[in-house]
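There are two complexes below, and they share subunit A, which is joined by subunit B in the first and by subunit C in the second.
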Partner chain A sequence: MTQTAAFDKVVAIIGPFAKNADALKAATRDTKILADLGVNSARLVDIILAFEDEFNIAIDDDTADKIRTLGDAVDQIVALVKD
Partner chain B sequence: MSEHKQRVVVTGMGVVAPNGHGLAAFEEALRRGTSGIRFHQKLQDLKFGCQVGGVPEISEDVKKSYFSEDLLLAMNASMIYAGIAAIDCWKDAGLKMPTDSENDIDWDTGAVIGTGVGGADTLGELVIPNVNAGTVRRIGSTSVEQTMASAVSARVGGLLALGGQVYSNSSACTTGTEAVINAYFAIREGRSKRMLAGGAEGHSHYVWAGFDAMRVLGRGFNDQPEKASRPLSATTGGFIPGSGAGILMLESLESAQARGAKIYCEIIGGAVNSGGQRGKGSMTAPNPTGVRRCIKAALADAGIAGSEIEAVNGHLTGTMADPYEVENWKEALGVEPSQLPFINATKGMIGHALGAAGGIECVATVLQLSHGFLHGSVNCEDLHPALEPYAERIVRKTVDREIQVMAKASFGFGDVNGCVLFRNTNNGI
Partner chain C sequence: MKRLNVRLQDLIARISVPFTFGVSQLLLRGFLGYRMENLKAFRAKIRSLLARQEGPVILCPNHLTMIDSLLLIWAMTPAWKAISKPRHFPWNTPEKKNFYHNAVLRFFCYIGKCLPVVRQGPPQQTKILMTKLKALLAKGQSLMMFPEGTRSVSGRVDTKNFAYGIGKIIDDLRQDGLKPQVLCLYMRGRKQEGKSTVPRRGDRFFIDAELVDPHTPHSGLRAARDLATQIVQRLAGMEQAYFSR
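Take a look at the complex of A and B:
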């Protein structure tokens, strides 16, 4: 799993939850999922479940808590897929 | 609170019914006697006795035109119906859709939108399977907002940025009518300027299963769905489940006139009560004494005589209770059978939408009153023998008729009753 491939899938998964469409279009690794994209914090658990389904991985709560930016999500996913 | 009673008018409506979405389509269906009852393969696969039901035809494209993608991920059927009806009602009332701005809140409008059963589809499809499998975390974040009793009103409150009291009532099949009456009281007392009021119910085999098990659903017309819902008929074998939403904008006359809103009609009286589940009343059957007291209380509230009611949109579900209901109207209004107000049943076309029934049928009542017609009660060609004395008063074919005062009543499990009275304002308020 390349970083780029993971990034594109992460953006696609978060897309429906993002209230800020402009920020989504201009998303980078540093984009903050809650503050920049306007995702409702309650929906983070749904996004984590979608990551698990898409990448066939298990993301524990401690790992999920470390995800703030799109880059955080990509790094955790790539690490778990490699494992 | 105002020191004097406010007059209350209806200034907007929205409806999502099995036989039509939107006021124009619904009115056309009412006038033509169009049925929204269809066969559902799922019910046959699951070995239901009743395999037909009323489900609004709302396409995915229509849903997406009302709600964002993330909202739809957290909305079950009852919430979708409530949301569509509420937005339609809001626009019909001439109000502007709010923006996402933090200051764009309508502090003058509240909502009482009830449901009878609520998010049983979410429980059945999402919560229960995951809990039983030991995979609670896979329920995700959206189950609570879809299964809490106030799910439908809470979603509407956010969609329309309402700043008044927003809540759901629940009184089984009386729910929608009770909501209208509650809103009427709140506005009349000056507690609120405007309220969206009505009911919503999703379609789900999980909702309908319990009624099927009780053997209160009609089973004899699975191969003729449009004939299956038969209020007032000799050959009815139970009610047919329905779903949808009906929501009305109730507003103080003062507010409506100040903003130049169109006015459909005035609400002049209402009452809710219970029969105590004593005498002939029980959890599942209305105590006639309670029903009659409720109707009389609505008349007293309006300050009119029973003889002034010109038409009734009955509860009339297609069970053995229909003849008793008509008898209760006769007794409560103090008239002879030949003098009974014209009475019709909407459920023959849409089934019994449970908590949404009162909301959808209040919309039907206001459409008839304000547009000068009474819709036919379909599928009662073979009138129940006990209703023969009333044959001339039961509306079986749609007729054009100007009515001045029309009543809507609903009765529900728990022996609860609601009756609301609408007055024609076509010739001036």
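Take a look at the complex of A and C:
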């Protein structure tokens, strides 16, 4: 899976949880999921589980804790898909 | 060191119970004029539910006002029992931003067995708090945690946007071989419509409790979500029963 393909899917998954639509449209790898997109922290778990379902991977708690930006999410997903 | 701090806080809180409960009664009953409906029957129910088995107790109330914990502790237990039976005087996890901005509140939070939580705080900080809470629960203490994570904006139990922290604690305790009991508490002032800072002066409170035993075939985050969902749904069921009475 390429970084670009993963990024597009990540943005699509986060979309319904993002309160800041403008930030979502202009999203880059450095966009912070909670602070910039206005995602409720409790919904981060739903997003992680949606990543697991979409990419057929398992994300453990420590890995989930490292996901702060869209780039973090993409990197972790691409690494797990490769494994 | 951190565990020692918590044990010291527990000791000071228990010694301070006559003062804490006295001030609380003066404020809640005297100044604000609140009354609990069926207080004796409710306390008897709590005694009976908590006596059924040993082990950690997690109290999961609905959340409408900033002083719900105070009201619930008053409803659940008389002062003498709070001193002799720590399970009847639960630990709380108030939002740091709301309760730790002045020295008086910080003092009362300390002697009221509160451990502050920072919403959207660093994961490491949350982990430290979770470790403390699990250690307290493992020692047979009780914890009050609002499963919705925040006061309900609509005034009704929010079954869509709630936190999963409670599910994580239960799952972790079970992984450690413990059998936590979950006591759902539904409390509502008769004049309470939506969320507020405090209930209206002179309000009378309906309160009920049910033991639940949430289970899940999942693990990790999925288990946390599943367990938290079952608790919130039970609270929503208790609310439905309240409004259909």
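In the analysis below, the second predicted complex is superposed on the first by the 83 of 83 C-alpha atoms of A that agree within 3 Å, B and C clash if a C-alpha of one lies under 4 Å from a C-alpha of the other, contacts with A are read in each partner's own complex, and residues count from 1 in each chain.
As a working rule, a contact is a pair of C-beta atoms (placed from the backbone, for glycine too) under 8 Å apart; a residue touches a chain by one contact, two chains touch by 3 or more.
Since we're looking at a predicted model, the values are computed, not measured.
Of the two partner chains, subunit C is the only one that A:Asp60 touches; subunit B does not reach it. Of the two partner chains placed by the overlay, only subunit B lies in contact with A:Phe17; subunit C stays clear of it.
Of the two partner chains, both subunit B and subunit C are touched by A:Val45. Note: residues 40, 42-43, 45-46, 49 of subunit A belong to the subunit B contact set and to the subunit C contact set alike, using the contact criterion stated above. By the touch rule above, subunit C contacts subunit A in their complex via residues 119-120, 123, 149, 161-164, 220-222, 224-225.
The touching residues of subunit A, when paired with subunit B in their complex, are 15-19, 40, 42-46, 49.
Subunit A meets subunit C in the complex at residues 34, 40-43, 45-46, 48-49, 58-61, 64-65. Contact residues of subunit B toward subunit A in the complex are 68-70, 73, 100, 137-138, 140-142.
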